[in-house]
Amino acid sequence: MIRYVVRRLLQAIPLLFGIATITFFVIHLAPGDPMDMFLEPRLRRQMDPEAIELLRRNFGLDQPIHVQFGKWLANLAQGDLGVSFQYRRPVTALIAERVPYTLQLAVLALLFDALIGIALGIYSAVRQYSLADRVVTIGSLAVYSVPAFWLAIMLVMVFSVNLGWFPISQTRSLDYDLLSTWGKIVDRLWHLALPVFVLGVAQAAGTARYMRSRLLEVLSEEYIIAARARGLPEKTVILKHALRNALIPILTIYGMSLPFLLGGAVLIENVFAWPGMGLLATDAVGVRDYPVIIATTMIAAVLVILGNLLADITYSIVDPRISLGVEKPA
Amino acid sequence: MSRRALHLFGLAAILGMVLVLRREAFLEQWSNPALDARVATRFVVIAPVLCMLLGLRDVLALWRPARETTQKGGSRAEGHEGPPRPAGHGRGPYRVAMRRFAENRLAMAGLYAIAGLCLVAILAPLLAPFDPTAIDDPVATRHLPPSAEHPFGTDEYGRDWLSRALYGARVSLSVAILAVMVAVTVGTIYGAVAGYFGGFVDNALMRIVDVIMAFPTFFLMLMLVGVFEASLLALVLIMGLTSWTGTARFIRGEILSLKERDFIEAARAMGLPHRIIIFRHLIPNALAPVLVSAALMVGGMIGAEAGLSFLGIGIRPPTPSWGNMVSQGQDAIFVAWWVALFPGLLLSITILSFNLLADGLRDALDPKTLMRKYV
Amino acid sequence: MLLRVEDLAATFFLDEGELRAVDGVTFEIGEGETVALVGESGCGKTIVALSILDLVPSPGRIVGGRILFGGRDLHGLKPEELRRVRGGEIGMVFQEPGSALNPVFPVGRQIAEVLELHRGMTRRDAELEAVRALGGVGIPDPETRAKAYPFELSGGMRQRAVIAIATCTRPKLLIADEPTTALDVTVQADILDLLGDLRERYHMATLLITHDLGVVAETAERTLVMYTGKLFETGPTDRIFDEPLHPYTTGLLRAVPRLGSGRGVPLEGIPGAVPDLLRLPSGCTFHPRCELADEGCTDAFPPTREMGPGRECACYRATTT
């Protein structure tokens, strides 16, 4: 078990290295002078060419590319991702401020997804071909097809603008600091409700569909017939024997859905002015704040890798076959 | 209208749209003067046309070998006392797949909707009651609610929202379809090469895929669109070149199993060059999964383009796209509900249609669903 | 009479048509009796077994007949009562021990689960009894093996575990569906010995489904020969082996290698293959492969006739000497 975790951790290292490499090459393949990536254009226009040359040498941009790459990696290892043009602050600090907000959304959305998606999937598989099943399958495909950012706007229009049930945007009320501890928690949840729902509902729709087909597949396995032949009640057969087998691959699906979740968060954060990484990244694109654009993307990838690692380790705990080196079941 | 006629009609509609796009969007917004615009656009048009005409025919004609695998894979069924039977009563596999597809009402509904949307997109200049970009009298026509004259209402500049939505369909559909073509082409070739050569090449290529897959695709698009100055062509390329990894993995798996089959062994024994084996023998036999993966991708790609345009970095106004129209609607949620509602509704319907179509295609072509488990 | 299957019919409703996997099967099994059901692959033997427990998988369905077990009509029982019979009074052993065990639970747990259910044991007692059951089917070091997952055991060990699950409740009837087919030849004899052992220990009746006539000769008191969902011939095993009545039985017997038949004597089989159950030949379904067939065989399926004490046969051409 521990050996497996260590092995997976070691496997993540080349991936992280690969992410850094790709990012580095994007910087250097970008059109124009690589100086653009380090120096604010406005500032640069005001400086005289000699000073720019000096800076270029300072940044090491005159050196051969492999030396630059090495230096860049060394900086990266120390957590130095450059300085934001827009905020004039280290990018690392900026991102550290924003990541918790994105994680808040993502984790709660995953929770919502797991609860609703798995429950609907089971319900629909158990009642295959019933009216409820058809409603769930078609409904989930429809929900899955609705762009989340548009759904967010529609919900804001109905529930916030017209009905006034939920806040339109932001993470907390203006009078947040005056509230009691309990009031603060409620206020936070009240602001989280719509963004988490929008982010989670499409995921839940996907999970429900996957869960349904997976459970139906498992239910046709011989060990399910065998379980029934042993006289086990249908409830035990489905909720214990079938579900355990069907749930295991769901974990991998969660690992794989992380990139989509983070990508979706970009749009949702924009709609709700939620100060997470996605909003930071889009703002940066708007003003060509290159260090921030590149760093947010890289950090997003690192988060995905960490998420996958977590999913795999959980997987190995749930499925005895994995940590003992047996192949993953198809 | 017979079902087959409808299939042809839908296909023709998509092709026609690509043709229209050449004139409307690409020639005007072609950004790289180093390329001969005419040569490039000709490629843009001819490649997809050939792709679709030849591809679709081949997919269905070449379905037979893939079905043989099904029968082999069905050996499990024999354990449960079932004799292997030729599936589909001896009818061609093409017909079986088509029949299965045509019997799927939801998938057919998706196909109808897509055909209709494509037709609408092509005929936008004829159907649109107003000029989509003209701003005549912004004060008098600003934010008019839906009426007989303006079924979708008007926006803050008094532009007819229906006309913009019709023209927006052209951009949204064609950008997504072209980006999918880029992604599927790259992914198929990449996956085929990895699967065919195997060993070290496969390992190296797939590790690269692992790394790219770690990046959330939308973030990657955002970064690339942000770093490179994005023209329409660049947008298509960026969207395509960030989305091919899934196809590559999928096709690699198909090729790995195809590679062991006798006719590939024979081709290798005859000493055919790798290039010929990959492009003439392997890829054509894996076209059914290619088609399914392409169909599955279109919906997501429409959503991605809409998302980028919504953030103001995809298709930029005044060119209408459903994404930037929703973005305009967000600014008007307090005063004009219709501005955000209609383009988003169209987006949802379009994505749903493609997802239904893809589901239907997958079910019709997926050998696994043809397998009978217990008899 | 312990089990009586009357005119059983099970049909699979497929896109391509109705597939009659079991079509009018009638037989009986007495207390403690061992009956073999033989036939080539794909003639409905497994479906007969699943029908007895009312477990025919969709799109299949039982469309006719009755299953009387200890005088009760099994399919007329309430679901809970039927569940008590399944696993409690009738145990089942499957062909693939690998896929009959749930991959994510230790084997001991899977036995204990059945004991808790049918014998009302506490979890702790059931776990202890499970270890004892594993020892009882000849698994060495049962305490350790009880904690093992199915994938950690060999094929033979798995089949022993499956047998332990099926017999831990002391059922009156054990249905063994090709229990040795998926195993290594060296293990097959051990498993058959174990089954014989348990049969005597618990005085169980057994329905042994197999295509291996060698196994039948050694173990079964009576034999049922099945082809295309129908019973062709039934009777005491030694009589059938000495004097097969149906040409199909004759063919099956000819295909068995025998000690003393000498080297160099080629094994004969039955020409042709089992027909597609969706497109059965007219009349006697065996006539295209039968060397005795004439025009009379193509019209209607032959009626089952009594041919001597305890023997029945469905063939126009069958005669007793």
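Chains here go by letter, A, B and C, matching the order in which they are written, and residues are numbered from 1 within each.
Methods note: contacts are C-beta pairs under 8 Å (C-beta built on N, C-alpha and C of every residue); 3 or more make two chains touch, one makes a residue touch a chain.
Here the structure is a predicted model, which means the values were calculated and not measured.
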Label of the chain whose CA centroid is most distant from the centroid of chain A: C
Pair of chains joined by more contacts [C-beta pairs], A-C or A-B: A-B
Separation of mean Cα positions, chain C and chain A [Å, integer]: 53
Geometric centre distance via CA averages, chain B-chain A, whole Å: 24
Residue list for chain C, restricted to those that touch at least two other chains: 57, 96
Junction residues of chain B, two or more chains touched: 373-374
Residue numbers of chain A (touch at least two other chains): 220
Interface residues, chain A side, partner chain B - complex: 14-15, 18-19, 21-22, 26-27, 30-31, 138, 141-142, 144-147, 149-151, 153-154, 156-157, 161, 220, 258-260, 262-264, 266-267, 270-271, 281-282, 284-286, 288, 290, 293-294, 296-297, 300-301, 304-305, 308
Residue ranges of chain C touching chain A (in the complex, touch as defined): 50, 53, 55, 57, 79-80, 83-88, 92, 94, 96, 99-105, 113-114, 117-118, 149, 151-152, 162, 165-166
Chain B - residues contacting chain A, complex: 106, 207-208, 210-220, 222-229, 299, 303, 306-307, 310-313, 326, 329-330, 333-334, 337, 340-341, 344, 347-348, 351-352, 355-356, 359, 373-374
Touch list for chain A against partner chain C, complex: 220-223, 225-234, 236, 241, 244-245, 248, 318-321, 324, 326, 329
